[in-house]
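Here chain A shows up in two complexes: once beside chain B, once beside chain C.
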Partner chain A sequence: MKNGISILLSRIATPTRVGPRDFIIVAVLAAIAFAVPYFAGTYQQEVGFRILQLGALAAAWNIAAGYTGLVSLGSAAFFGIGVYTMAIASNAGLPIALCVVLAAGVAGLFALIVSPALFRLRGLYFTVGTLALAEAMRIFVVNSPWFGGQAGIYLTARAPKAYDLYWIALLIAVFVVVCVLLLLRSRWSYRMQAVRDDEDVASQLGVRTYRTKLWAFGLSGALIAIVGSIQALNQGIVQPNGGFGMSWTIDIVSVAIIGGMGTKVGPWVGAVFIVLLGEFLIQFPEIHLAVVGVVLVLVIRFMPNGIWGTLTLALQKNRNFS
Partner chain B sequence: MNSIDPVGLANTVLGGALLGGLIALSAVGLSLVLGVMKLVNLMHGQIVVLGAYAAFYLAAFWGISPLLALPIVFVLGFAFTAPVQHFILAPVAKHGEEAGLLTTFALAIILENLFIRFFSGDSRSLDTAFSRETLAIGPINLPTIYLIGFAISLTVCLAVWMLVTRTSFGRSLRASSEDPISAAIVGIHVSRVRWGTFALNGGLASMGGVLIALCFSFTPSSGSEYLLTAFAIIVLGGLGNIMGTFVGGIALGVIQSLGAYFFGDGYRTFVGLVMLIILLAIAPNGILKRRRSL
Partner chain C sequence: MTAVLQLESITKSYGGVRALDSLSLEVAPGEVLGVIGPNGAGKSTLIGVIGGALTPNSGTVTFDGRDISKLSSADRARLGIGRTYQIPRPFTRMTVADNVRLAATNSGHHISQRELEPFVAGILERLGLTPFAEEVAGKLPLLRRKRLELARALALKPRVLLLDEIGAGLVRSETEELIAIIQSLRTEVESMVLIEHVMDVISQCCDRTAVLDFGKMVTIDETPKVLADPVVASLYLGSVAESADAVVVDEDKRAGIRASLTSLVSVATSVPGTPLLAVDDIWVRYGGLNALKGVSLSVNAGECIALLGANGAGKTTMARSLAGAVPLTSGTISFAGKSIAGLRPDEVTALGIAQCMEGRKIFGTLSIEENLIAGGLDARKHVKAERLEAVYSIFPILKQRRKNSGTALSGGQQQMLAIGRALMSAPTLLVFDEISLGLSPIAVDEVYEALGAIRDSGVAMIVVEQSVDRALGLADRAMVLGQGEITLEGKPAELLADARLLSSYLG
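Showing the complex of A and B:
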């Protein structure tokens, strides 16, 4: 599907080169972030947790939406799978680390199962299909007898401390970043971007479009489920409207678009922006999401490449003129 | 469910058919917008909810019966959505399909949270004099409100069908949907047609919201459910096919009621969503492939 957004984005995303420098920057930033709990209070750790969580979610979503053109509004389905897998598996007595891996596996399997139906849909129809899928999952979990219904499931595992959670979130954020960077170094990223820019041409050029989309969608979903499994530990109770709720999709989409879809750094810029905006509006929780919506409308209209994309383009322009 | 009781089943099927026809009114506009503007309008559900709240407050403050309020709600919905298209959606159209889609997504978030802020999160419902009456046809009991809503929906759908097939606006609309560039060349004001279509959708969707609210209670967050139901209906009925949408609504109503009958009421929407996904995958252009009226 060729359209405005992807044409604009491909200008930025295609020349993305990932070298050793990127990994060094990530390592330095991670080391600084690692030290935060030693000098910051619980409140700062919670804000940091939220930034890492949303950044990781948006970066994972970006793999499918930004690089492969699979704009999904069904992220809540994968997030919820992560949340519920952690709850059920950890209550069954499995070690936490194994539960996280299991969450990723179940999400990948889910992507595999739904892909034959979803990938027949292109562009806007794919988006609607994913939205329907997430709602169907939520309603199924509410009504089916196996998942505790509306009341949800309590986790028997001991609730982690704020700094533990922060460090787990940091570990996962670094994992997501490394996944994205390695992906961008590999041939997959070229195939993905070819599928995004024009699926038919990519197919003519010998790209196995179905397999490419499945890998991108599955990886994206698995990473989202990993973050979801940590959210279950954080909450101590999992409920259908919390795990499969639209609010996660809304957060992910707004973070990725405001930061810049199809860029490496965009999701993290967006996460910092959205979390700080939320803290700024903490006195007005009822208008918080409405303000996020207004920002989203303005960003789509006036800076369709998001904060980071617009900055990068402006810098490139300056370099060319000087 | 050990034994299937035939009267109960007949009741379910007929009630579902009437209910589906009634809900079809909320889907007609979505199909027009998708056909003419190539826009997936994700704020559609919130417009439906807005119509329900408009009727609720008209009844609460001025005692206007929801059925008499329908024309007022249509005008309100029309007046509310016309500037949205003109000032917000039209300017982003140049950024591509996804920009429009995500803008309507953002608008849906804004509206839903404003509803929660101003109308509270409480569940509301609309009442009329005959809300609890039923009409007996032999052993079958049907709620009177379903019959009235079905009749209203059918009338309005016929009117929209006349508008699209028999008037000059309809001709411009069909031309803009078929090929906007050629339409513009022969002198059709395409952006005005889009504007009119989106506002017409706003009016129709809000009226649909009133009819739905007469049968079910609603909350500020009902929007996404209404959106997906409307989608299932237009996919069943075929894109841009107005009377097809009405028939699609009846079909969905029957399927949902059967789902609720066999699996329990909680699965009513689930059955519709699963059917939507399957239908999108196997027949994205609808199963009623008759003459396209658009």
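Showing the complex of A and C:
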């Protein structure tokens, strides 16, 4: 079946290797990023927060979509679960750290519950299924009596300062990166890629495909929910259209595709690009989305592996010829 | 002695078609069992049912005394059932070594990180894949993909190995290597089931051979007895069995086919001194690789050319560049005095070159009749109807099943459909690419009989083939491609007498 999803997936570049060097690079970059609030203003910290947030979301999404072939448009469901779990649990007086863990747990449980239905679908049908799931969640939250309806829920917890938020986001970003690197080092990495490339053959080689997909989808969703829980702290109020809104899904997908799906670095490159582009166009909100759309179309047409994928492919070619 | 693998009255239907019809079968420990039968007899379905990829409608599969009918294919792989696919399906974006590592780390045997690397290296070494270990599997040519299929199955440390047409598409020297590999596996794998059309593999590797037809067991016995069985000869082996009564020429049928063909082919008037097709010094480059390096050839009106060569020699690239499906890097192609380099495939077809592509390429969503019509869309309505009738009179089976889906036919019938579709454009030059690939011997007989009639009608032909004897029996002139260049050219009789022919395959 040659649909849009399989074409997108077929463009994912070369296999990824993870070595000690990757962890060192992450440590160095994290140390530099840690120092930012000491010499940068509130505005820069907010931009930094946004980059870390989008990068972590796209990197988490990439685990399921880029490596396992589960291209989900249901990220908003997991994000919203994170947002609402934080609101409800912190209002109940639980410590913030526990609320974050709880958000991840609820999201993982949610993945487990929806997987029997979703994993019956493959390729484009799976993608459409996740889209419907996220929308169903939003409507459920709007209409059920427990979540404050359209008006949402106010957080009673004290709003954190910009630098606190930035550091929390940095901590979570590093956590997501380390999760991805450890995953890619493990035997799950082959299993996930095998399921992505040919599920039937993978199964014939002993790979328990359902378990592999559930693991990737659940981990991806749990990490997205963690980022979502921080967004609740950032906003101070959670609402269905903000938490479960399509805009999160679209942001995540465009960041990952522009940066490079199925690559370690791509989501972060994409996040930097999208956030800086947004800041650059802040005076012109009316054309902002249009510009992002045009960039997305141009990247898909001319850089099918995304910015990072195209760069690494070019470097590999040079090495081969020299 | 109890059977390692036991199938009891397995039935598997697709829609109304029974691919397996209450089939029972036992594989003894230490045995290599061959399975042969016409295309569509249910052989691949059989492997799918044993491996767990397909769920039978009824019946049980027992492995080592345990009923495994309800187990998933992953669990069966972990118990020790390894299989290969007829068309290799490597994970194209993983490296060759990673493909093998995946199987090694998901088998039922625990393997520690320290044991893993030597184990993988050993398997790669054994199948001659060590130099390509870090290459992306998608870049491998067919023969190495087949070896990778086998390497992956072996990495499971299987007790039973199911090999689905692993010899298809290989030239003679490659087949000999394959036979050696299979024989060397006998000591470490308990039992094997081999589906093959390559009779050398069956006769040299299999202790017993089962013959299937329409999903039923025709016979199962020791291999020499089966191959000598006259029923098997008439059902499956055809002229390979070389019995006199297999070569009955029906003169009435021939005359009918000849008459039908007159409306289907355009016979070019031969102009002395100018060939119908002139290919001059063409180069084709894919990425960094030269697939064709300065090939020149000419085809005269009414001539039949055989184009031979090993896997990866550039034969299919040659066929595709004639069709306008791959861009030429340099060189010219002229057809009937016109340059066709740079034309689109549909423009080339309109000029009178029809392709019968490798792998048949039947439209599965279209009916047989629609598939045929798709081959000659430009013709006027009454011309189309006339050509359709002509194709039907050459291949009556297509008419019988004209409303069925194109892929519901057996392999041999699909190949007939592909030939018929190519004829629908009333071409002046026909290009046949790997027409015998994956067909049972008797189906190859039928297809080549049709090809002979088409040749006699006076249309020009290029026949790209692995099956040397068949192609040389048909052609007026033959060429051998080796690594993108023509290494040998001559009359079929001269080539058969020339020892260089074989060596150019090996190189």
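Definition applied: the second predicted complex is superposed on the first by the 307 of 322 C-alpha atoms of A that agree within 3 Å, B and C clash if a C-alpha of one lies under 4 Å from a C-alpha of the other, contacts with A are read in each partner's own complex, and residues count from 1 in each chain.
Assume a contact is a pair of C-beta atoms (placed from the backbone, for glycine too) under 8 Å apart; a residue touches a chain by one contact, two chains touch by 3 or more.
Just so it is clear, the model here is predicted, and its values are computed rather than measured.
Applying the touch criterion given at the start, work out whether A:Gly206 contacts chain B, chain C, both or neither, answering first, second, both or neither.
A:Gly206: touches chain C, not chain B.
Applying the touch criterion given at the start, work out whether A:Arg187 contacts chain B, chain C, both or neither, answering first, second, both or neither.
Once the two structures are laid over each other on A, A:Arg187 reaches chain C alone.
More residues of chain A are touched by which chain, chain B or chain C?
Of chain B and chain C, the partner in contact with more residues of chain A is B.
May I ask you to decide whether A:Pro145 touches chain B, chain C, both, or neither, giving the answer as first, second, both or neither?
Neither chain B nor chain C is touched by A:Pro145.
Give one of first, second, both or neither to describe whether A:Asp197 is in contact with chain B, with chain C, with both, or with none.
second
Going by the contact definition given at the top, which residues of chain A touch chain B in one complex and chain C in the other?
Looking at chain A, the two contact sets are disjoint.
In their shared complex, at which residues does chain B touch chain A?
38, 40, 42, 88, 91-92, 94-99, 101-103, 105-110, 112-114, 116-117, 224-225, 227-228, 231-232, 263-264, 266-267, 269-270, 273-274, 276-278, 280-282, 284
Chain C touches which residues of chain A in the complex?
Against chain C, chain A makes touches at 12-15, 187, 190-191, 193-194, 197-198, 200-209, 320-321.
Show which residues of chain A lie in contact with chain B when the two form their complex.
1, 3-8, 71, 73, 114, 116-118, 120-121, 123-125, 127-129, 131-133, 135-136, 139-140, 142-143, 246, 250, 253-254, 257, 286-290, 292-294, 296-297, 300-301, 304
Along chain C, where are the residues that touch chain A in the complex?
It is residues 51-53, 72-75, 77-78, 83, 85, 89, 91-95, 98, 101-103, 105-108, 136, 152-153, 155-156, 288 of chain C that touch chain A.
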